[in-house]
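Let me give you the structure first, and then I'll get to my questions.
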Amino acid sequence: MDWNLIFENTLKGFIGINAVYFAIAALGLNVQFGYTGLLNFGQAGFMACGAYGLGMTAHYFDISFWWGIPIGIVFSVLLGLLMGIPTLRLRADYLAIVTIASAEIIRLVVRSVKFKTYFGGSDGINGFSDSFRSLGNDFGIEEADEYGFWPFKFTGRELWTLIIGWLLVALFGFVVYKLMKSPWGRVLKAIREDEDAVKSLGKNVYSYKMQSLILGGVIGTVSGMIFALDRGSVQPDNYSRDLTFYILTALVLGGVAKVSGSIVGSMMFWGLFTFMDNFLRQVAKDPVSIGNFTIMKSTQVGQLNFILIGITLILLMVFRPQGVFGNRKEMAFDGH
Amino acid sequence: MDTERTYGEVATRARDSFQGVERLPGARKHDPILTADNIRREFGGIVAVNVDHFEVQKGSITALIGPNGAGKTTFFNLLTGFDQPNSGDWNFNGKAMNGVASHRTAALGMVRTFQLTKSLTKLSVIENMRLGATDQKGEKWWNGLFAAVWKGQEAEITERADELLARFKMDHMRDEYAGSLSGGQRKLLEMARALMTNPTLVMLDEPMAGVNPALKQSLNQHIRGLRDDGMTVLFVEHDMDMVHDVSDWVIVMAEGRIIAEGTPDDISSNPAVIDAYLGTRQGQSLLEGE
Amino acid sequence: MMENSIVLHAQDLVAGYIPEVNILNGCDLEVRAGEFVGIIGPNGAGKSTLLKAILGLCKVRSGSISLNGVDITGRKAHELVPLGVGYVPQTKNVFPSLTVKENLEMGCFLKPSVFKERFAYVAAMFPKLADRAAQRAGALSGGERQMVAMGRALMLEPKVLLLDEPSAGLSPALQDEVFVQCRTINASGVAILMVEQNARRCLQVVNRGYVLDQGRNAYTGTGRELLGDPNVIELYLGTLAKATGG
């Protein structure tokens, strides 16, 4: 049992790029769901907008990489409008259905053979992140070099993405925090609870909901961009329903409607996941058996990991539903 | 037990404005702020509201009374855009309101409260109040990040909110979650919050249900103060003591129609109203031996 | 008033809903057999909380409650019904999708055999209910629903009936009817503990009253005494008494 390795990987899991892009996506989802009460089950779709915005710029539009950022954001705004216009005047469930459907439609479209020229089909798009890398080089971070000290050892490539990633987390964390403390944020929180009350005070609820949906979507899009830059590729199957629900899990784990919740929840999700993964792999190096009965082989580690995470989350909801940073008092008002 | 009260200038004008107004359903007023014609609302065969004509005198305190199921709340919903009538037209301050969205009617100065209180339980009392203020720069998303833009306005709003809370005797609860308030306190909060919008016509749906009598009496003074500030008040109420004390005019609804109009005294002696709503024990004590 | 046995006795109750926030701050109360007791007071005083604490619907943090001498502190509501406690909550007090008759059947769920006899009793008290027996309770007006709720609570012949603001939302005519009706029910031997916002009418029909303020007892006395007490008038009753006859 190599505890050193487990420890090192777990720590890296806590602060790694997965936690980063989850945190940014969770911040976006928090704006929509945590603060405004919008059931967005298609955050993966917004992330795909960002990733494909970058990818298409290189692959199809053939212009400078940096244009990918505003392009991705434009895709995101369009998606938000598309989802919101038909549904935001209706009950919350309609938005939920439309968002799940939209995200899946996006995934199937970008994956399709018909649009392969634009989106790269099921292989996706590669090799667009060079400009990003060279910017890192300009700042003195060489790709191949190793930086840091045990247990935080990263290659230059990893480090650069991490630095930018965490800066973005801090930026969006700050932005969301400030916005939610402002009168604008107050209107959103009120809408979450009772739209009629807000309408009776003269405020255009539909407009505010749209603003929240789009802001949360744009933040999700940035998350998708970081994700794609880290991998150096855009793969359609990465942006599936599962992704949306894992992000939602991280959000609820950390505590809904709290900026710290989005960030810490994501870190904890990945820290725990990485720990279990490494731990179980060590345990299952040789197949685990009781007598003649094989319980676990190394190939089953991944699945078992997800099962255990699921159980942990159920227990969490039973014993601490407000998450790590959530407010117990506020939750007590649900249903009053 | 008649309280001898002297009426101020505004109050006298309001009461006098009803001289010569017919004591009949749908009576025309001298200077109506709200008029409605042929408002009809049906729910699958049941006619909830069927009002031929309705006028509210500007600057008055008008009570809308009637039994449960008379259609008073539905009528409020129709007038303020929270529901759409099957037919009918109505004007507020001369402006046609048919088809105007609910948040727009409120922005135009026609503000209503709800029978089933909608206090925002997860916000504090003071935050509920701040929400009520209109034209807040900080509510625009592009200003949200720049506190310098809206800090000053927020301080003004907070001051006004604290004043109102003090008048409603709720200032000691300003930082509590609205969810921890009792039913009656939430009613008061909703009324105070509605007043933050500086309405022209304030429509209160059972504003004092669950509020204890002594506090109701002091709040009546506040409602009179609203009239003195130039607001028109239309409210639904079941407490006849309160209606007698504060209203200039009473409109009675039953089964979706207006069945009577008049001063509180006119209404208390109207046989149709006694039959449909007041009962024969009004004005008498229930103490045994009286 | 004869020296009747004490049916319900609450001592020094401290209770609340949210952690760390107490609504009742040490409150006492007693109801004797056949007595009609009212509870009035300002908003947030804890009137509804008091009833809920007695019924185990709200956490009692300290103090005790006894029913006919037996300690019932913290016992769940469904355990108290067979012990002779009836309850009419302020809201959601009928099953709207069930008929009037079915609602009343639910009232004697624990002893279905008494249905016929008790239904006759309730119908005699509220003739309108007999007429509407087959109608869905949700389709009835507010006043009629109130009658169904009360009838339902009476099905198991309770020794003490707890009423939470029975006049709430009713027209003046119906309010007066409800209060008179409560007096009739009380006359048949059922002790009643009634929380009310219509303070004046409440004090006019009860034997004794408690005034609650900030979770504590503020004033106690007979209905008549409290109606005449200048402090009570100033703080709780107000001087507007045109409709309730002063």
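Things worth noting here:
Chains here go by letter, A, B and C, matching the order in which they are written, and residues are numbered from 1 within each.
FYI, a contact is a pair of C-beta atoms (placed from the backbone, for glycine too) under 8 Å apart; a residue touches a chain by one contact, two chains touch by 3 or more.
All figures in this text were calculated on a predicted structure; none of them were measured in a lab.
No other pair of chains has as many C-beta pairs in contact as B-C. Put simply, the chain nearest the middle, going by average C-alpha positions, is B. Our note on geometry: chain B versus chain C, Cα centroid distance of 30 Å, whole angstroms.
Averaged C-alpha coordinates give centres for chain A and chain B that are 47 Å from one another. Our note on geometry: chain A versus chain C, Cα centroid distance of 53 Å, whole angstroms. For chain A, the set of residues that touch two or more other chains comprises 329, 332. The multi-chain contact residues of chain B, meaning those touching 2 or more other chains, do not exist; every residue touches at most one other chain.
Counting partner chains per residue, chain C shows two or more touched chains at residues 17-18. Looking at the complex, you find that chain B touches chain A at residues 80, 82, 101-104, 106-107, 111-114, 118-123, 127, 130-132, 134, 136-141, 143-145, 147, 150, 154, 177, 179, 190, 193-194, 196-197.
Taken in their complex, chain A has these residues touching chain B: 175, 178-179, 182-187, 189-190, 192-194, 196-205, 211, 215, 329-330, 332-333, 336. On the side of chain C, the complex with chain B involves touching residues 17-18, 21, 40-45, 48, 141-143, 165, 168-177, 179-180, 197-201, 204-205, 223-224, 227, 234-246. Of all residues in chain B, those touching chain C in their complex are 1-3, 66-69, 180-185, 188, 206, 209-217, 220, 238-242, 244-245, 268, 274, 277-287, 290.
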